[in-house]
Each structure stands twice: as structure tokens, then as C-alpha cells.
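Heads up, the thing below is written out as C-alpha cells.
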Amino acid sequence: MMSEELPYSASEMLSVMSGRLLTDGQTVFAGVGIPLLAATLAQRIHGPGITILFEGGTLGPFVVPGELPASTNEQRCTRRANMLLSITDVLLLLQRGYVDVGFMGGAQIDRYGNLNSSFIGSPENPSVRLPGTGGGNDISSLTQMIVAIKHEKRRFVEKVDFVTSPGFLTGNSTRHDTGLISGGMYRVVTDLAIMGFDEMTKSMKVEALHPGVTAEEVRDNTGFDILIGKDVSVTKAPTDEELSVLRHLDPDRVYIA
Amino acid sequence: MTQNYLDLRAATEARDRSLRSKVMTLEKATEIVQDGDHIAIGGCTASRTPLAMIWALIRAKKNDLSISRSIVSTEGDLLFGSGICDHIITSWFSQGIVWGISKVMRSYTETKRAKFEEWSHMSLGLRYRAGAMGIPFMPTRAMMGSDVANQLENLREIECPFTGDKLLLVPALNPDVALIHVQRCDEYGNAQIDGLQFMDLDLAMAANKVILTTENIVSNDQIRRRPDQTKIPFLTVDAVVEVPYGAAPHECYGMYEPFFKHMDDYADLTKDDPDNGVAKYLDRYYYEPSNWPEYLSLLGVEQMLDATRRGRSIYDV
Amino acid sequence: MMSEELPYSASEMLSVMSGRLLTDGQTVFAGVGIPLLAATLAQRIHGPGITILFEGGTLGPFVVPGELPASTNEQRCTRRANMLLSITDVLLLLQRGYVDVGFMGGAQIDRYGNLNSSFIGSPENPSVRLPGTGGGNDISSLTQMIVAIKHEKRRFVEKVDFVTSPGFLTGNSTRHDTGLISGGMYRVVTDLAIMGFDEMTKSMKVEALHPGVTAEEVRDNTGFDILIGKDVSVTKAPTDEELSVLRHLDPDRVYIA
Amino acid sequence: MTQNYLDLRAATEARDRSLRSKVMTLEKATEIVQDGDHIAIGGCTASRTPLAMIWALIRAKKNDLSISRSIVSTEGDLLFGSGICDHIITSWFSQGIVWGISKVMRSYTETKRAKFEEWSHMSLGLRYRAGAMGIPFMPTRAMMGSDVANQLENLREIECPFTGDKLLLVPALNPDVALIHVQRCDEYGNAQIDGLQFMDLDLAMAANKVILTTENIVSNDQIRRRPDQTKIPFLTVDAVVEVPYGAAPHECYGMYEPFFKHMDDYADLTKDDPDNGVAKYLDRYYYEPSNWPEYLSLLGVEQMLDATRRGRSIYDV
């Protein structure tokens, strides 16, 4: 876990690190919260040509600092947008292949990058009925994914209780074989590290550690046997510029607290 | 739920689809909904929710409704809590991300008093679209391999006869009644919708009957001046009810944003004892007021003005 | 054929007689020319609640007298319309079951009400390549049809050279068996008579003769053995009111000449 | 014509879809079209035909194009007559009902110098829609049993796995390039289309590349003020060319009606000797002018003013 004296919160870390994964010119399907912050941060810092899509039906909005939307389905999401579409049509952009990256969170993730946002416990007798997939299943079925999630053992599990949003299913070619011939997990970003997936087995693998974090720490906070790449790099700490842009976007610290 | 095509056509043919006034009260419009019906709700999450119509249906003590909606917010709690519905089909069900998981949804589903049938967002949209197009299914490349699909019975997989690709077929959904709230429409039901459209156009075309609530009834002349702005044609509409602030405390694009304070209060009320919380809320806001303006008075003029100021600001660009 | 001294043209006769077949409140998918005139006439005379649809994407227009559109796809069609839709969506109203009657012409029609507007002669080596189906095939596949056509032997043929718009195909249940489970030919209106179709065999049958026309005349102008109903009635001649509305709509006699 | 899904995605992925200016000349835009391409044309009959772009493609002497359009008018004659295209896919092909059957179409097809591949109007629309949705086919209940369907190779029939209904499947159509003329768009390609939309929205989404011609380029600020009026998103667009009267002598909704006298003259010219008539027309209007304003000058200011007066009248209600 982050030590107390770091000059940024875990959420700020997630936003900065995942924002850096986006490339200029990409079209990014983002949920509200950290994904939206990360994509907007990327726009301001290095990717002015990044286009954000919201599942409520918004294409290419300018998010107004301090007026972050509470859902993807309200008018705040549409401010200075290039276009509004129906929900079904904006999601169909994924199926047509117009989206480069999907960007979301999740309650649980497993070794193969499957996400659960439906049930904690068995679906028949859950201990918690979660809110459900929303567009998550569609996004992860149809495009390359970045997941931003806090690194905790209860979240990083051997097998998710329920596959809401498919990652690589049970690894190897199982995702492709089930009919999901495009997309797949690209990166998982946490407050400890950045993970990718083994090219063959599709098992989760640490690609980079955040400054001051050890591989041991990552293992301790992961509920399955996570691969550690041989050439694990170390990320650069969030810069002052990044943090100040983030804090300008979310002055009330609704999402970055 | 996959309706026989000839039955669907016969139901449509039996409706009076002529250019005639359909203006009526909320109370009268509730008679269009039959016990046991499947009702589709327009808007999404806390936006353009036809809350006035839902309010009237709850007061009319309907029974055994099933409901579908793109994303379900507080209206889902109230539908469960009032007992008029015990089956909701949607992709996401909670008040909204900032308020956390709905305790009422949890309470009702975890005790199995009600069912939350989960579909992916797009697949539900495609079900309405297939219904709107008069075809029995729509093919899609999503949802395969997931437990979301595994839990659903009414799906088929095929190998594409053109390409060999594996495809999932989702069945058409033709709701018995669709409830849609719009900024304006004429007395015949020609509706304009500003801003986000959500799934409402497909809903109107798919449904067997449509009840429109509207902030404002305008003249047919105004509609005919810009026919390319009409989003729902009168043909599909069976009732038009003028209800200002008909989505309050949710948002209506360009007119008012959510009544945030009221939404916070609701979340607080249902946090610790969701069953009693929702019951209290229903008593106070749904059963006790004698009409819609009284309901709005309880929300309070101050919140109305605040929500309206924020709502109008979207055009100040 | 119409005798010379009648106070109305063959096209006026077609427009009046087919307009009378429409009922108030119906939704009518109409082509330009006689179908449009007939539907508009019906609106003005007995069916103010009739809604006209054009395949260009217009729902419920008011046609302005003297400004009749030359095609269903131009702005003149949209005057004071209730709604404009895309072409595909307006045609899908037929498939969804929102249209009561389709209303069109055709170059050839046969015993079972099949229409040809594609080829005269064989499709491989036609003597004339006609303009094609447009929306005709969709309309006749998906709804009940009224056809307005001049009664000539070369048009009323045993078997059309090409089934552009399906009627009852080869009669009996063949239309239904091929997958067209709704719609079908309802009436054929000519300058001589009004035809329906035998309930069992689906063969064309004279239902009513226009004033002064004999069954013999109809047979002589029909290229197949047409059924004559036992209780053939006689239509009422176009009234002055009907003719004056028509001539007001088309003062330049573009379509009613 | 049914494109492999992964190839389609790869082609889309390879395009620069960022928010960047795409403004260029007609001549430059012709470079986007490759010999052998399948080109979809927006508008319908004599409405919003992207004639300036077609004019430029004919002048650029493209080869071996195939073309699809909802309904084809005089531009089909010119595409055949110029030799840049010998295969047109459409539901109806002639100048317009009032001018009778196109003699040029007859001449070219009856002598088998060119092919007119006939689909029903809706089925062609559904092919574009399937292409726009990223699915390989769309089911429909029309066209079965007819010779229109019998003449086509690329169709499949299935029994619906939900209802047992017989259904026809029409294959997705993803054109290499779509040409679309609009009233206004910004430099990035966000387009507003007034009045009749025809099949243009599906076309833009289905195509691998899109060339927009526009009466007027407006600022991105203006687009962002009413994002619910954007009909084609910049993402799909590869070229933006400002061409006033870019559909003349056809119509552009709300701006000008068809140049009727010119259309009558064209019909006369091609009536008796269609091959020579169309060749003469091409010489005079397509090859001889050195630029688009010169072409318009040949149509004549008087006809421009008349068409404009009639065009604007649609809003005088």
C-alpha cells in the first residue's frame, strides 16, 4: 500500500498512470470517475487529439473542470460535445471497430483479466448483489481494455465469482474460441503496478512497478500467482503538472480523494 | 417475451393510429397499463425518467408488472418497494455511481423478493431495436463467453452463414407499454427530444403502446414547421400527458438537472433500513400528495429553481 | 376503353376509384402520381385522419395543391409533414406493421397480382430494362396492396416477365409458404373495373365495373382468364366534388391528364 | 462484398480518426478513391446528390468503380457514360418519374456494357445498416419469393431460431468510400443534415472512408453548441470539401430545388441518341469547365436563383 507521506492519493496515482497509457488520436470509451479523469488528463498533457465516448451517447465532449458528471447519462456529459447519439448507436461504434480503448473499473478481477461487477458470492445466493455490467460487458467484448482498480487481495482473485466483463476467460485462446475475436485486456493499472498479460497463456503479468513498490508487495496484495516479467520497469512518479491538472479538473476531490 | 409476429401486427393494427388528440390526465393514462404487462421505461439512470407516470402507476396500485430500462436508478427502488413490480430487466441498477450500491435493490434481490435480470447495455438496446424493426432477433458480437449470457435463457448462438463468424442472437423485445418523458410534443404525440436520446426512439417503435409525458404540449403547426426535429411519430403514441417537471427529482435535458439535495436525502433515508426507508419515502412523496403539483411542492421551490438554473446552463455555451 | 365523351380522364377515374378504397384513420404508403393524388383526395373527401407515408422518409405531409412532388425523395414531399425519417426507417414501419395499405402502379400485373417493373422480355435479354422496384418489393412483401393501373392487355398478362413486387406468386398458399406471412394484394383498380382476388386460389376476380363498362370489355382487355364475381356491382361515377378536388390538387394536369 | 470482420476493423484502425482538419479541394479528395473501389453515394434520386464529387471523379478518369445508392438518377447515366463505372447497385434507376425511363441506363444495360444490379429499397438500406453496426447480415421479412431475390447470389434464408419464421438474411455492405453532400459541417467533418436524411447516416458509419462535400464549412464551436444536431461524426470522415451548389442541378434540402429546366434539357439531349447525348453532356459540363464555378456558370445564374428561391420556400410555413 502507498505509504502515508506520498504527495498524491491512490486515486490520483491510478488516474495519472492509466492516462499515460493513452496515445494521441485514440478514441476512448470511458466510464465516469477515474477513467474520465485519466482520459481528460491525457488530453490536456500529451493527447489533444484523444476523443472520449460516454455510453450515455456522447461523442467528443469537453469536460468542464469542477463540473464532473456523476454518470455517463446526464447533460453534464454532453457539454461542448461534437455529437450526441443514442445509447445503442454509441455502443455500436465499439462493434463497428471505431473505438481504440475501453477504460473502466471493477469490483473483482482475476488472473485472466475477467471482471466482476455483478455478484459477490454465488449468483444464486450472493452476499452482495452489485449494480451490474452497464456497458462493461459490451466494451470488454469488443475492444482493447484498460482497467483501473485498487490493488487489494479481495479484488485480485484467482477466479471472479461471476464473469461480467470478459477478459481472456480461462486463458490461451478461450476468448477467441468463444466468438470474441477482437479486443481483449491490454493493461491493468493499480496503485502498485501496471500489469499486462502473457502473450500465450494470457495470465496476468507485472510490467512495471510504481516508484518505491516491490514485487513482493504486489504478490502480497494479489490473490493469485501473478507473473512478474523479467524486465519489469519502474514508472515515473506523477509529475506536478499532472497532479495540478487533475486537481484543477476535480477541485472538490469527488473522485481523486 | 419474443412476441409472435402476426400477433404483434394484429395488436398494432387494432390501435387507432389516426391523427387525433390523445391528451389526458396521468390518472386516465394509467388505465392503458394492464396488470401483468411488460413496461419499458425511457431515459437512462437519472435522466428523462418518466417519474410522474411511474408515480401515477404506483398510486394506481398496478400489479405484477415487469419492467425494462437501459439503466435503472431510484425508480427501480420505488417500483420494487411499492410492490407493483418484482422483475426488472436492465444492465445496471443503482441510484447512481456517486451514491453507491442501491440498498433497496440489494434488499429485494438478495432476499429473492424480486428479480434483477441483467443484460449488457447494448444487448438490451438491440432487443428494443429488433422489436422496433419488426424482426425476431438481432445478431451481435458481444456478451459471448460471459456469465451475463450464461445466466440468460433466451439467447441463441449461430455460425454466420456468410462469414462463418460465431454470433449471438438476442431476441426482440416488444414491450406492452413504453413510458417516455419528452421536452415537448403536440396533442397527437409527435415528440421532440433535446439532447441525449438514450433508447427512446427504438422503445417507441418497439412497444405495443406508448404513453408520453411532456414538459409542454405545443401546437401541431410548430411540429410541422421542422418535421426533421420530430423524434417519435404520433402513430406510435396512445396517450399524451402534460406534466411540468415530470422527471423530477431526476433530470430533463436543458430544462433541469437532478435535484441533488433530494437525491442525497433519498440515499440517506434508504441506507440503513432500506425497506422502511423506501416505504416512508413512498408514503410521503407518492401516496400522501393529492396531485403532482403537491408532490413538487414537497420537493420544494428552492430545489426546483436550483435544478432549473443548472439545467438551462447547458445551452450557455 | 373509356369512350371519348366522358367528363373525366382515365387517370382521374383511377384516382377517384382507388381513393374511395381508403378508410379514415389508415396509414397509407403511397408512391407519387396517382397513388398520392388518390390518397390526398381521400383525405379531403372522407378520410381526414388518413396518414400518408413516402419512401423518401416523410410521415404525414400536407400536399400543397399545384406543387405535387415529382418523386418521393424531394423536399416538396415534406411540406408540413409530421416527421422525417431515414429511408430505411420509414420502410421498416411496413415491417413493424404500422402501415395499413401500400399504394402503387406497375408496368405489368398478372393473374395472381404479381407486379413487374424491372424487365420487359427476359431478364437476361430484355427488350426494355425498366427502372426497377424502388420500394415496391418491400411494400408488397409487407402490407396489403392497392394497385392503380390502366387496363390494357399488354399490362394484364398471364404471367409477368419478372416478379418485382410479389402478389400471390403462383396462387393458393404460395405467398405464405415462401415466408411472406403478412400483406398481399387487396385490390387492383383500373379505368374499367375494380378487381379483388379469389379467397382460395388467389386468382384475380372482377368485383365491380365502372359505369358503362361491360364484363366483356374487361375480358377483352385482360391477357388472362379473369374471374368475374357473381355479384359484380357497378361503381358510382366520379362526382363533381371529387373531380374538382383532384383538379385543384393538380391544376397543371401533370398526373391526371 | 461481405468484408471479413477483422479486415474491416483493421482498415478502420489504420485511419487517423483524431480531431484534425480534413479540408481539401475536390481534386485532392479524388485521390481517396482507388480504381476498383466500391463507392456508395448519399442522397436519393435528385436530392443531395454529391454531384460535385462525382464530377471530380469523372474528370480524374477513375477506373472500374462499382457504385451503390438508394435510388440512382442522372448521375448514374454520367457514371456509365464516362466509363468510370460499369456496375451500379440500386433499387431504382432513371432520371425521375416525370422524365420516364432513362435512355442511357437502357442503352448501357440492354447492350450489356454495364450492369444494373437490382435490390429492394429497404434491403439495400439494411445492407448499409448491417455494415454500420459491424454485423455481417441483417434479417428481413421482405424480398422473399420475388425474382428480385432470385437474381441475387449473396442472400441466405434461415428459419428463425426463436420463432420458426422464415427470414431472409441480406449481407452487410461496407463501401470502400462513401460520398455524402451536406448543408454544413465543420473542418473536422462533424456534419449537420437538414430535412430528409435518406440512408446517409448508415452510409457514413458503414463505409471504410467518407468524403463530405458541404455547402458551407462552419466552426467547430457552432457544432458543439448543438451536438444533438450532428448527424455524421468527424471520426468517420476523411475529407471535407466546401462546394457551394455541390448538388446542382439536383436539389439540396432548404437551399435549392432541382434546376428543372436543366433537367428537362438533359432528358431531351439523351432521348434519341443516348450514347452521343450523354457524351455531349459530359464534354460540355464535365470536361470543358476548368473549375466548379465555371460549371455553375454553364448551368446559369438565372436557374441558380430560381432553384434557390424554390429551395428556401420549404421553411416559409
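All chains are identified by letter, namely A, B, C and D, in their written order; residue positions are counted from 1 within each chain.
The working rule: contacts are C-beta pairs under 8 Å (C-beta built on N, C-alpha and C of every residue); 3 or more make two chains touch, one makes a residue touch a chain.
Nothing here was measured: the structure is a model prediction, and the numbers come from that model.
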Can you list every chain in contact with both chain A and chain D?
B
Treat touching chains as neighbours and tell me the shortest step distance from chain A to chain C.
2
Consider the two chain pairs A-B and B-C; indicate the one with the greater count of contacting C-beta pairs.
A-B
From the C-alpha centre of chain B to that of chain C, how far is it in Å?
40
Indicate the whole-number Å distance between the mean C-alpha point of chain B and the mean C-alpha point of chain D.
38
Taking each chain's centre as the mean of its CA atoms, chain C sits from chain D at a distance in Å of 29
Counting only residues that touch at least 2 other chains, which ones in chain B make the list?
5, 134-135, 140-141, 165, 167, 195-197, 224, 228, 317
Of all residues in chain A, the ones touching two or more other chains:
58, 78, 80, 84-85, 92, 95, 181-182
Among all the chains shown, which pairs meet the touch rule set out at the top?
A-B, A-D, B-C, B-D, C-D
Chain C residues within the chain D interface of the complex
32-33, 55-58, 70-71, 73-80, 84-88, 91-92, 94-95, 118, 123, 126, 128-138, 141-142, 162-166, 169, 174-175, 178-182, 254
Name, in rising order, each residue of chain C that touches chain B in their complex.
24-27, 48-51, 58-62, 78, 80-85, 92-93, 95-98, 100, 181-182
Counting only contacts in the complex, chain B reaches chain A at residues 44-47, 70-71, 90-94, 96-98, 101-102, 105-106, 109-110, 116, 118, 120-123, 125-126, 128-129, 140-148, 151, 157, 165-168, 195-202, 251, 253-254, 257-258, 311, 314, 317
Taking the complex as given, what residues does chain D use to touch chain B?
2, 4-5, 134-141, 154, 156, 158, 160-163, 165, 167, 169, 171, 194-197, 224-225, 228, 315, 317
Chain B residues within the chain C interface of the complex:
5-6, 8-9, 12-13, 16-20, 132-135, 188, 190, 205, 220, 223-224, 227-228, 230, 233-236
